[in-house]
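Look for chain A in each of the two complexes below; its partner is chain B in the first and chain C in the second.
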Partner chain A sequence: MSLALFGRLLILAALAFACAGAVLGFHAGRSRSALALKLARRFAYAFAGALILATLVMEYALLTHDFSVSYVAQVGSRATPIHITIVSLWSSLEGSILFWGLVLAVFVAALTRSLRDKNLAFAPDTIGVVLAIGSFFAFLLAGPANPFGDVPNVPLDGPGPNPLLQNHPLMIVHPPLLYLGYVGMAIPFAMGAAALIHGGMSSAWMSSIRRWMLIPWTFLTGGIVMGGWWAYEVLGWGGYWAWDPVENASFLPWLTATAFLHAAMLQERRGQLKAWTLVLLFVTFALTILGTFMTRSGVFNSVHSFTQSAIGPTFLVFLAVVLIFSVFLLAFRVNTLEPGRPLRSWRSRDFAFIFNNLLLVLFTFTVLVGTCFPLLVEAIRGAKLSVGEPFFNQFALPIGTAIVFLMGIGPALPWGRASADDAKTALLWPVVLSVVVTSGAAGLLMAQGHEPKLWPLLCVAASTLALVVALRDMWTPIRALRKRHDSGLGTAAIKALKRGRRRYGGQIVHIGVALVTLSIGISGGYREIGEKLLKRGESMKVGDYTLTFAGSKNVSDPHRQRILGIVRVASGDRQMGEMYPAMNHYPRQMNPIGTPAVRSTLTGDLYLSAMQIDPAGSFIGLRVYLNPAVPWLWVGMFVMMVGGTISAWPGRRRKRGPAAAEAA
Partner chain B sequence: MSSQASRAGGPKKKLFFTVAIVIVVGAIGFLAFGGIGKNLVYYWNPTELLQNEARAVGAKIRLGGMVKQGSLPKSYNAEKFSELTFVVTDMKHDVKVHTRSVPPQMFREGIGVVIEGTYTKEGVFESERLLVKHGNEYQPPKPGEAVDTKKLMKSMAESKK
Partner chain C sequence: MGQDNQQQGETASTGQAQPSRRVSYKVIIGGLVIILPLLWVLFSGLFMDPHRMDAPLVGRNAPAFDLPELNSDGTRSLASYRGKPLVLNFFATWCLPCRSEHPVLNQAARQFGDRIQFVGVVYEDKRAVVNAWLNRYGGQAFPTLIDIGGKAAIAYGVYGVPETFFIDPQGVIRSKHVGPMDPMVIRSRIALLVGGGS
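Coming up: the complex of A and B.
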């Protein structure tokens, strides 16, 4: 049996398991049949197993260069290094859908396991919904995006994956993170839908949904920022974010998921906004499907859109099904939810959360409008256009800054109601510190001869406020523990972390957001650019740096030829060594691809991008960017991911009852 | 549920809804007047550009076409470059382009380009950024054939940013 046939059979088996499991899951939800639930769970595992095995078959085909498998013939190449061959699983359409299936399989298996032996009313319908989603992806793999096609005349070698995807190690990390984020959001969606199908919602179930959302949220955060990082390190245009449709596609569900994470807390603690929380959950999942459609169908041009395929319409149909299903569920089942308690005061964390939700949704709405507008125009008038960055920035700056300010106000206030005096006391020091730091930053800028600009300084003010409040919120319990037990700082900190994992996780995320905001504000406001054609020995000055072109050198890698421009860097009188912006030539690709050279310090990056390099080394077309504070964006991302992980980490208390007994 | 909740809510709930409505109305207003129309980037070939000449002046445009044979100065040599004037064509109409930015590695006559910039009253396309065709999908036209600018734009996707 050929590998292609074996792969196809596995996909068909996965499709059959998913359909059978979905039907049984829903049946178990209605009949409460223990047998049906048991079978549904078995089918869920079988579905996961078949897809995992199918992915392994594909990896085997890629690694053995079996060009009789259509996907291998499309992206494989004997010259490609082995680590890139492994990751070329997600370098083109069919493989990326298979990878999507793999991630879904892992999540489904983990979810099914987490629901084991608990007499949870919502479990059968949850399995039903995730397997219904699983059936859709198995169907895609069986038909419109089949990676296991037969190749009639087996070629001796293939073209290799897109060179842009071979140019940087971040390409190995960014797509899996993004997929883990995108696909993982199917799980909380299924859990929320199950609550409505079954009727009702409990605080415990909402808390469980929130944790299942935190996991993909953490991955998505990393995926989005690493996508920007990759663009920064590879594409050579000196920036990390351009409000490109594919970037927006990843950002949209992140915004609504963030809104959900906050709304869910309000719901857990105060029983408020039950229906709204579910709406956010459904919208988030719908946005991941819309995003996949936008990135994968080729309606937008980008490095993510592959050659036209039948997958676009299929995704649109799926999106329509998800939306109609969600609207019907909400319309007919929302009455099964108990009404929540009303908001008691606007001087409360509750109100800050509600306001944060409104702003996040507003943000989502404007980004969505800007992203979809060109599609509408093209559909109606047939004209091709895109919405420029200024449109997005004009909304993103005020809304984003307002959200970060709220991030400093909300956690400082108590749940429920604060008296005017309490609110003043809680906010006095953070506000004072924020004003002091911002004035200091303005003074520093003016001392260095920069003009103070509004938005960067507002970003500094907002992130300082959030930072101070987050640190204080983390410090208070530690101080209390130290006083009570007279213990050392380390012991108290560990104890406090263990007791308040969610609180600490959340505040660490907030610190990460504050760092990201600082970085965006400063790098957006104070970047410097220079561009010049330098002959050998010639120099150019950008900021404090003097850059001298000292010739070029040619390097041969197995899969590419590189021309490195040798640029000597000096800051004032100090020599800082050489940097090597490069031009890469790949076989079978006519045009070279530039790779920028980046030197990072704590305060910012020196970023050199070659537009052209003379192979004989007599001249270079050089573009230079001074990007202040950009490294803090990557640091902020890691901090956010650490915080998300701490929050999502399973607590010990959960392992009580029969499940724990069996596990032990 | 919502009707029950709002009845139970009283003035605070009203406050919430007022704030919500103000924000939503503000947002729509912002959108309507915030000028999505002013921030559009048009994807045109020379023919389309000349058809939309009135709108083109001052607008942000991505012009796709081919560097016309014989339109680069005879002495053109990247090494001597400081600024450059050449013609972009779709084999039906021509547009004169002026650039101060350093052209990319493969820049030469007969190559597909996408140029970001704007059109001036003097009838010259002022370029901010110059990209040459990328990837393997786009094939240059055979002699006498029109340039498929749609396909060209698509093939430029990878270097879009």
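Coming up: the complex of A and C.
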């Protein structure tokens, strides 16, 4: 049996298992049949097993260069290094859908295991919904995006994967993180939908959903920022975000998921906004599907699109089904949700959370409109139009800064209601510190001869406020524990972290967001650019740096030719060594791809991008960026991911009862 | 959340609490009002090639322009290019597809430059950044003009960038391409232009 046929059979088996499991799951939800539930769970595992095996078969085909498998013939090449061959699984459409299936399979297996407590009322419908989603992806793999096609005349070698994938190690990490984030959103969606199908919602189930949302949220955070990081390190235009439709596609569900994480807390504690929380959950999942549609349909003009793909219509139908299902499910079941306690005062964390939700949704709406507006105009007037960075920045700056300000105010206030005096006491020091730091930053800028600019300084003010509040919120329980038990700082900190994992995780995420905001504000406002055509031995000055072109070097890798420009860097009188901005030439690619050279310090990056390099080393077209504070963006991302992981980390498992599901 | 909370949750989940199963028509109407237009827009997008559109100017005289040159104080008018087939490319440095297109244009300009005039028009962009961008994305094999205030773009009915007009030696627009061009497209358009113009 050929590998292609074996792979196809595994996909068909996965499709059959998913369909059967979905039907049995829904049946168990109605009839409460223990047998049906047991079988549904078995089918869920079988579905996961078949997809994992199918992925292994594909990896085997890739590694053994079996060009009789259509996907291998499309992206494989004998010249490609092994680690690139492994990751070429997600370098093109069909493989990326298979990888998508793999991620879903792993999530489904983990979810099914966590729902092993048979007392859970919502478990059968959850398995039903998640396997219904699984059927769709298995169907895609069986038909419109089949990676296991037969190749009639088997070629001896293939073209190799997209050169951009081969250009930087971050490209190995960025897509899987993004997929883990995207696909993982299916799990909380299924859990929320199951609660509504069953009729009702409990606090315990909601906090379980929230935890399942935190996992993909953490991955998505990493995926988005690493995408920007990759663009920064590889594309050579000195920036990390361009509001490209596909970047927006990854950002949209992140925004609504973030809104959900906050709304869910409000719902757990105060019973408020149950329906709204579910709407956010459904919208988040729908936006991941919309995002996939944007990336994979060729409808949007983007650097990421795999153009002219046949799966566009299939995804659109799926999106329509998800949206219409969500609306009707909500309409038929919204009245089964108990009303929550009303808001007591605007001086409360509750109100800050509601306001945060409104801003996040406004943000989502603006980005969505900006992204879809060209399509809308074309549909109505037949006109083409593109919405550029200025539009997005104009909205993103005020909304984003406002959200970060709220991030400083909300956690400082108590739940329920704060008296005017309490609120003043809670906010006094953070506000004072924020004003002091911001004035200090403005003074420092003026001393260095820069003009103070509004948005960067507002970013500084907002992030300082949020930082101070987050640190205080983390410090307070540690101090209390130290006083009560007279223990050392380390012991108290570990104890406090164990007791309030969610609180600490959340505040660490907030610190990460503050760092990211700081970095975006400063790097956006104070970047310096210099550009010159340098002959060998000539220098240019940008900021404090003197850059001298000292010739070029040709390097032959198995899969590409590189020309490195040798640039000597000096800061004042101090020699700082050489940097090597490069141009890479890949076989079968007309245009070279530049790789910038980046030198990072705590305060910022020196970023050299070659526009052209003479192979003989007589001249270089050099573009130089001084990007202040950019490294803090990546640091902020890691901090956010650490915080998300701490929040989502399973607690001590209780023996019986619904808490077991929550702990999983 | 303590044990209490979870107990409460379980009673709510068994559906014995007072909430009803009434259908909310508000949710249906509100939801459909939001999702149907979105689906319609996406659906109509499927039938639109992002790279093609109808051009009312094809077959007519190209609108006249007189635009400043990028690297001098002088200006160039459409009339000054008469007598040679002209490829007029509207682009901008903030436009992502233009990045992939520009090297293709440069290549074509080097190849056909003796027979065909290539001209770039920077559309709604700042003069300072254009030179840098041109050098980064393939060099300057042909002259670039700056369309201050976007008047030429409006006259040519440019909807977005990149957009390219193929004008014959008599000043008649022979065809137009929307979106980035690849080597195949540009070659076939030039063949059409040379064939139709002479």
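Criterion: the second predicted complex is superposed on the first by the 641 of 664 C-alpha atoms of A that agree within 3 Å, B and C clash if a C-alpha of one lies under 4 Å from a C-alpha of the other, contacts with A are read in each partner's own complex, and residues count from 1 in each chain.
Definition applied: a contact is a pair of C-beta atoms (placed from the backbone, for glycine too) under 8 Å apart; a residue touches a chain by one contact, two chains touch by 3 or more.
Computed from a prediction, not measured in an experiment: that's the story for all the values here.
S.K.: In the superposition on chain A, see if there is space for chain B and chain C together, and answer fit or clash.
M.R.: Superposition check on chain A flags a clash between chain B and chain C.
S.K.: Check the residue A:Asp244 against both partner chains and state whether it touches chain B (first), chain C (second), both, or neither.
M.R.: both
S.K.: Quick one: is A:Ser326 in contact with chain B, with chain C, with both, or with neither? Answer first, second, both or neither.
M.R.: In the superposition, A:Ser326 contacts chain C only.
S.K.: Have a look at where A:Arg503 lands relative to chain B and chain C in the superposition and call it first, second, both or neither.
M.R.: The answer is neither, since A:Arg503 touches no partner chain.
S.K.: Look at A:Ala195 in the shared chain and tell me whether it touches chain B only, chain C only, both, or neither; answer first, second, both or neither.
M.R.: second
S.K.: Touching A:Gly370, do we find chain B (first), chain C (second), both, or neither?
M.R.: First partner only, chain B.
S.K.: Applying the touch criterion given at the start, work out whether A:Ala121 contacts chain B, chain C, both or neither, answering first, second, both or neither.
M.R.: second
S.K.: Quick one: classify A:Lys553 as touching chain B (first), chain C (second), both or neither.
M.R.: A:Lys553: touches no partner chain.
S.K.: Contact-wise, after the overlay, does A:Lys453 reach chain B, chain C, both or neither (first, second, both, neither)?
M.R.: neither
S.K.: Does the superposition put A:Asn162 against chain B (first), chain C (second), both, or neither?
M.R.: The answer is first: A:Asn162 touches chain B but not chain C.
S.K.: Enumerate the residues of chain A that count as touching chain B in its complex and touching chain C in the other.
M.R.: After superposing on chain A, chain A residues 237, 242, 244, 301-303, 334-335, 337-338, 383-386, 388-390, 531, 533, 590-591, 594, 611-612, 621, 623 contact both chain B and chain C.
S.K.: Sort out for me which residues of chain B touch chain A in the complex.
M.R.: So the residues of chain B in touch with chain A come to 1-2, 4-5, 8-10, 12-13, 15-16, 19-20, 23-24, 27, 30-31, 34-36, 39-44, 60, 78-79, 81-82, 101-107, 132-137, 150, 153-154, 156-161.
S.K.: Once bound in the complex, which stretches of chain A touch chain B?
M.R.: Going by the criterion above, the answer is residues 159, 162, 164, 231, 235, 237, 239, 242, 244, 274-275, 301-303, 305, 307, 334-335, 337-346, 351, 354-355, 358-359, 362, 365-366, 369-370, 373, 383-391, 394-395, 531-533, 535, 583, 588-592, 594, 611-614, 618-619, 621-623.
S.K.: Across the complex, what residues on chain C touch chain A?
M.R.: 1, 5-6, 8-10, 12-15, 17-25, 27-28, 31-32, 35, 38-46, 48, 50, 53-54, 92, 94-97, 100, 103-104, 107, 131-132, 135-139, 159-161, 163, 178-179, 183
S.K.: Which positions of chain A touch chain C when the two form their complex?
M.R.: Going by the criterion above, the answer is residues 121-122, 195, 198-205, 207, 236-237, 242, 244, 268, 290, 293, 297-303, 312-313, 316, 319-320, 323-324, 326-328, 330-338, 372, 374-376, 378-379, 382-386, 388-390, 529, 531, 533, 590-591, 594, 609, 611-612, 621, 623, 657-659.
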